[in-house]
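Across the two complexes that follow, subunit A remains constant while its partner is subunit B and subsequently subunit C.
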Partner chain A sequence: MARLTIPAQELMRSGHSACPGCGATLVMRYLLKGLGERTIVTVPACCWTVIATPFPTTALDVPMLDCAFEATGASISGLRAAADQLGLKDVTIVGFAGDGGTADIGLQALSGMLERRTDGIYLMYDNEAYMNTGVQRSGATPEGAWTTTTPVDEFSRGKLEPKKDIMAIIAAHNPPYAATVNVAFPEDFVKKVEKAKAIHGPRFFHALAPCPPGWRYSSEKTIEVARLATDTNVFPLYEIVDGVYHITRKLGVAKPVREYLQTQGRFSHLDDAEVAKIQAQVDARWKRLLALEGLA
Partner chain B sequence: MTQLVISGNYAQSYAAKLARVHVVSAYPITPQTAIVEKIAEFVASGALPAEYIKVESEHSAMQACISASALGARTYTATSSQGLLLMHELLHWAAGARTPVVMGVVNRAVAPPWSIWTDHGDTMSQRDTGWIQFYGESNQEVLDTTLMAFRLAEHPEVRLPAMVTEDAFYLSHTVEPVDIPGQDQVDAFLPPRERSSTLEVGKAMRLGSFTGPEHYMEFRHKIAKAMVRTRDVFLEIEDDYARITGRNHGGLLPTYKTDDADTVLVTMGTATTTARGVVDAMRADGHKVGLAKLRTFRPFPVQELRDLATRVDRIGVLDRSFTFGAAGAAFTEVAGALYAAPHHPQLRGFVAGLGGRDITAAMVREALLDLLTRDGPESSWVELKSRTEAS
Partner chain C sequence: MEEDLPEAPIATTPSDVNHTASWRTFRPVIDLKLCTKCNVCWKFCPDDAIAFDGVGFPVIRLDYCKGCAICAEECKPKAITMVKED
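For the complex of A and B:
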């Protein structure tokens, strides 16, 4: 039996108000397992505003500060500055935001936080659309995906544009640590969080958070869908440490992207040509990632 | 205590330093820049051992202050005009989260057309955000009021953010002798902020949260009650400040020669100084005129205005901003405050000095004479240029 490396301590409680099968709850759970109890979480408008449960309750055993939708990066900087001034040096400050709050409306504040080298962690949980408001497309929605604002009809084939590459944007700021994590690989996830915790400066996580209602799959399949995302190279697992890329899960031969796409209703309209186009894009991105790793 | 000849902007910077702020977070905008440049110097020299977060926008400046304040830090920022408008969402947030952020605002007109010159349109448009608003008349008043604002904002029965404004250039870039209180005096007046019990490391707490119709109104009502309480708390704080420094700027609505006046002009900011001279001159001519200065706009000094209304026949309100579709903001507020009062002096509104146009003594005199001698329009724009003059 494999040695259990995930801390047993739970800092997120089961009494939360997420949808069944929500990937974002697992993201928070594994993140806090890696960071431990001397953590302050700041959360903008996103699913987790609701998941954390309404006043006067909370689903977390650590303090949580709500912040404005587009301001998570600034909230992290403010908390860090206050913690340093008040002598709370051993506290980890973490911002926990969705893909819309990060890659779209919150990009400026995130860039600011990275540029001014705030000693804090920013995690983007990526459910690939504005899920809290009901599945509207975001900059992180993948090409071809159905959303309520990219319908599938006679003159529309889902989202036309490719997914915004948030990790490339992060890498351009040259932070000491950035990594992708996936709820289907909790050991890898927690290991990366523990590694990041020991580093100072701005750190970033891109976490895949499958969403049953938004991606249109049955709620018991979250881990299966998440695992396929990585094993088809749609969502590779890697880290960037001081600019050096390292892929943390590599299969000899990746599975065809079709296997991932066909698990989700949001891709069910795609024809063979469209699937082939997505496969080619995934292959190209993987090749590029291998090349980046090769630079080390 | 020492006396320095400094600008209104430096008065803000010195006040932040004397208050021993923990966290400053700011973004540059003309004409606020000298405030944050001076603070950067204080931090660089070690005179102020604060964290200075150089943010990428005013929106982030306010968010960083709110988050730092939520953890218990004493925080300060400063801005003007467009920067204040960009903060708008976060101004509501600061009040809703009950974070006692203190901010200096250099009043500057709002674009377009671009203008770096003064009027009160920027802060007037933020009057409903739950911030305490002070309007400064002199650099000394700016420094003293900023120090008082920290203690007021942090008072356990208040816990609301506060802004201290100063007219662009008339104060921000004009030097005056300012008495700088000693650090020991300020320390005696303004003790360190009590640590927050809301966000405590290791504790399951959430600040912000979300709520349904069953709680939201009560949260708002708490802010409303705190703002009402602000009046008395501020008067106590000003008395205490006067005890330590010898200076008292006269509460929420300081008056000038109103005891036997039958006509009073209500002013804000630096126009007050000009108007005071006009009152003296008109008094010499036998006119029973006086002045009342709106030092706070939030809380609005309703009680003080009603007291004043019992003594006078006519009140003119000089506004340096305009609420489109209505009238000058101060005028409508004064009218609203007096409607439910037993005495109803005749009210007139004068809109002047927008976008940095000088409010001259002649202008103020004309307005007061107009008020004294005839029943004019309810609201008028002072000395508007004709089309040919303007072009």
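For the complex of A and C:
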């Protein structure tokens, strides 16, 4: 048998209730492979509460605490304090929340956790909308995307506003570690988690989590869509270690953004001018990221 | 410590008591003659529905496979075919 390139241990079980081909499910699977069994997870309202816990079952072989939608950061801080009181020094506390629960409603609690320097990990799995409640736009929905609240009809052409840059907000808190990860690159994903696990203080992951029903593509394309997101520079892979940027995947020449957009029904209405505008925005963000890396 | 906990629902039954085979319209069938034992299908399965046999070939755990077809799509030698369930 060929060598496994990621750890064999599964701490996420089968029989969960995610849609077929769910990217968010792979995010949890890889995260727990990197963290191991001495982990406590806290999850706010989002797809993952539903995925993990059709009562009385649980899909995780580690403890998982539900918290209120806006409270993940505070829940991490509370669990850390409780674990410390109990002398559970070797336990990693991790908050696992959606983009709505992080970039929008949970932003204040997240900022508090970062500012308090809580020794814990916060992961935002980004399916770029409020999926659990039926594909409403979030601050993390990209410009141009169709959602049920940014329709495509005679009055509207999808979301008008650009995607909120959560990594820049995180970077402003100067945590010891922050990174982007993508389910199409599990080795890079697990490596970053293992690295973060060994660091103390507040750590953050931004994980791309393609969603077949919400992004309007068929379930077998999850990895292909995710891979294209990075290889078109729409979702670059990088880490920020004590303020120093390092891009972890660089292609000689990135693919055209159109190749990514055309895999998904949520972008199918975009005309050439709209695609060109998105390409220009992606190019500008990539240039800025290269410049940030150059500051090292 | 448990007696200190406020009354709240606590789920302790592992989720794999739930079989999700009925979600499936197509099932993956592996042609072992084409399989290179690269483990890519295992790596990308969102349902932990791929295990290995004693000699390292992947085995689909059909009680759990939801038929998403990611494994078939990502298998480089095209060893996996999606076959319609009757």
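Assume the second predicted complex is superposed on the first by the 291 of 296 C-alpha atoms of A that agree within 3 Å, B and C clash if a C-alpha of one lies under 4 Å from a C-alpha of the other, contacts with A are read in each partner's own complex, and residues count from 1 in each chain.
Methods note: a residue touches a chain if its C-beta (ideal position, glycine included) is under 8 Å from a C-beta of that chain, and two chains touch if they have at least 3 such contacts.
Because the structure is predicted, anything quoted here is derived from the model rather than measured.
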### Message
For A:Arg38 in the superposed arrangement: first (subunit B), second (subunit C), both or neither?
### Response
first
### Message
Going by the contact rule set out at the top, does A:Asp104 touch subunit B (first), subunit C (second), both, or neither?
### Response
neither
### Message
On the A-aligned overlay, A:Phe55 touches which partner chain: subunit B = first, subunit C = second, or both, or neither?
### Response
both
### Query
Who does A:Glu70 touch here: subunit B (first), subunit C (second), both, or neither?
first
### Task
Figure out whether A:Glu274 sits in contact with subunit B (first) or subunit C (second), or with both, or with neither.
neither
### Message
Which partner chains sit in contact with A:Glu220 here, subunit B, subunit C, both or neither? Use first/second/both/neither.
### Response
second
### Task
Could you tell me if A:Ser17 is touching subunit B, subunit C, both of them or neither one (first, second, both, neither)?
second
#### Entry: subunit B versus subunit C as contact partner of A:Ala83, first or second or both or neither
first
#### Entry: subunit A positions touched by subunit B in one structure and by subunit C in the second
52, 54-56, 58, 61, 86
### Task
Using the touch definition up top, name the residues of subunit A that touch subunit B in the complex.
37-40, 42, 49-50, 52, 54-56, 58, 60-68, 70-71, 73-79, 81-86, 88, 91, 108-109, 111-112, 115-116
### Query
Can you list the residues on subunit C that touch subunit A in the complex?
1, 9, 11-20, 23-24, 36-39, 42-44, 46-49, 52, 55-56, 61, 63-64, 66-70, 72-74
### Summary
In the complex, subunit A touches subunit C at residues 1-2, 4-6, 10, 12-18, 20-23, 25-26, 29, 52-59, 61, 86, 183, 186, 212, 219-224
### Query
Mind pulling up the subunit B residues that touch subunit A in the complex?
22-23, 25, 50-51, 53-57, 59-61, 63-73, 75, 89-90, 93, 97, 195, 199-212, 215
